[in-house]
Amino acid sequence: MPIVSIKIAEGRTLEQKRGMVKDVTAAIVKNLGCPASAVHINITDLKRENFADGGILLSDNK
Amino acid sequence: MPIVSIKIAEGRTLEQKRGMVKDVTAAIVKNLGCPASAVHINITDLKRENFADGGILLSDNK
Amino acid sequence: MPIVSIKIAEGRTLEQKRGMVKDVTAAIVKNLGCPASAVHINITDLKRENFADGGILLSDNK
Amino acid sequence: MPIVSIKIAEGRTLEQKRGMVKDVTAAIVKNLGCPASAVHINITDLKRENFADGGILLSDNK
Amino acid sequence: MPIVSIKIAEGRTLEQKRGMVKDVTAAIVKNLGCPASAVHINITDLKRENFADGGILLSDNK
Amino acid sequence: MPIVSIKIAEGRTLEQKRGMVKDVTAAIVKNLGCPASAVHINITDLKRENFADGGILLSDNK
């Protein structure tokens, strides 16, 4: 039932994603007490020109 | 006014998307009684490595 | 695997939501060919002051 | 930079949310190598009538 | 066509929301050149216990 | 703390995105009174076949 959407900057490896969904799922199961099978995660890879903090694109951030 | 966001695994054809937005819109209009023109749908195609159930990436699921 | 997020104006009845998720799920199954059990829908009820089209809040729209 | 949105059924305690965001943040930091301060989490509490799997509302699920 | 979702801490006044959607819509129209009527904004008010930065709930932040 | 997600049709230039995040951030700061650094924006570029109004894909709209 928990639906987890994670937006990250593109370029992460398959290994990083594999570890992240495993550990995030465990973190939710531990705290909410739901079965792991109920945790649905989706990841969106965004270009650095598609994130901004303080009105400045990440790709412009030196 | 209804805003519908659909995340699916990539690889669906244009024909599948065309049918899906037509039928999903009709399903909402039928049940909520709003005009079809008020229904806004957006679709995000996600790689199989970007979905996980039970802490396991869909791309790892044999 | 399909994750469907639907944002609607608050005030819909349980019966309307029940019909909507049944019919939206059927619309997706029909077009994508996935099992119904793979379709996860979540609904967010928003106040009319939390929607805007053309820069005007729905609650201001006479 | 990672933006994490978590939709859960309402009724979780403050303590559960506090533990969940701490552990989810640690899980992301461990796998992506970003600073904890870059991880932004938001939680949406949804009524059980606002979740559906397989076309059936969670609140109808006996 | 632009769909804008804004998550803010609860407690904003109607006047603040009214101004925000007007100005955000104008900012998008100015930069993308689309008609104002194509800009759809939705706002989600979140409790301070539903936001976290760096693994700490906003409501725990003194 | 405000998290802003913007879904637009693909094809916008870097210059358009740069101006949009700058102006949207200013619009939020002006109305909510939060610091610019607290405003996090993410942009998703969607193909025209991934948007639909009134049940018709944008890419089918002549």
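Letters A, B, C, D, E and F mark the chains in the order given here, with residues in each chain numbered from 1 onward.
Just so it is clear, a contact is a pair of C-beta atoms (placed from the backbone, for glycine too) under 8 Å apart; a residue touches a chain by one contact, two chains touch by 3 or more.
Here the structure is a predicted model, which means the values were calculated and not measured.
Annotation of subunit B and subunit F: jointly contacted by A, E, touch as defined at the top. Two copies of one chain, subunit A and subunit D, touch each other, and the residues they use overlap strongly: the shared fraction of interface numbers exceeds half. Listed options C-E, A-C or A-D contain a single repeat of the B-F interface, assigned here to C-E, on the basis that more than half of the contact pairs agree by residue number. Work out the mean CA point of subunit E and of subunit F, and you get 11 Å between them. In this assembly, the C-alpha centroid of subunit B lies 24 Å from the C-alpha centroid of subunit E.
Measuring from the averaged C-alpha position of subunit C to that of subunit D gives a distance of 20 Å. Residues of subunit D in contact with at least two other chains: 3, 7, 17, 24, 26, 40, 42, 44, 51, 53. Arrangement of the chains shown, judged by which pairs touch: an irregular graph that fits none of the line, ring, star or complete shapes.
If you check each pair of chains against the touch rule, the ones that pass are A-B, A-C, A-D, A-F, B-C, B-E, B-F, C-D, C-E, D-E, D-F, E-F. If you check the complex, the residues on subunit F that touch subunit B are 7, 44, 46, 49-57, 59-60.
On subunit D, the positions that touch subunit F within their shared complex are 3, 40, 42.
Within the complex, the subunit B residues that touch subunit F are 14, 17-18, 21-22, 24-26, 35-37, 39-45.
Against subunit F, the residues of subunit E that register as touching in their complex are 1-9, 12, 16-17, 19-20, 23-24, 26-28, 30-32, 51, 53, 58.
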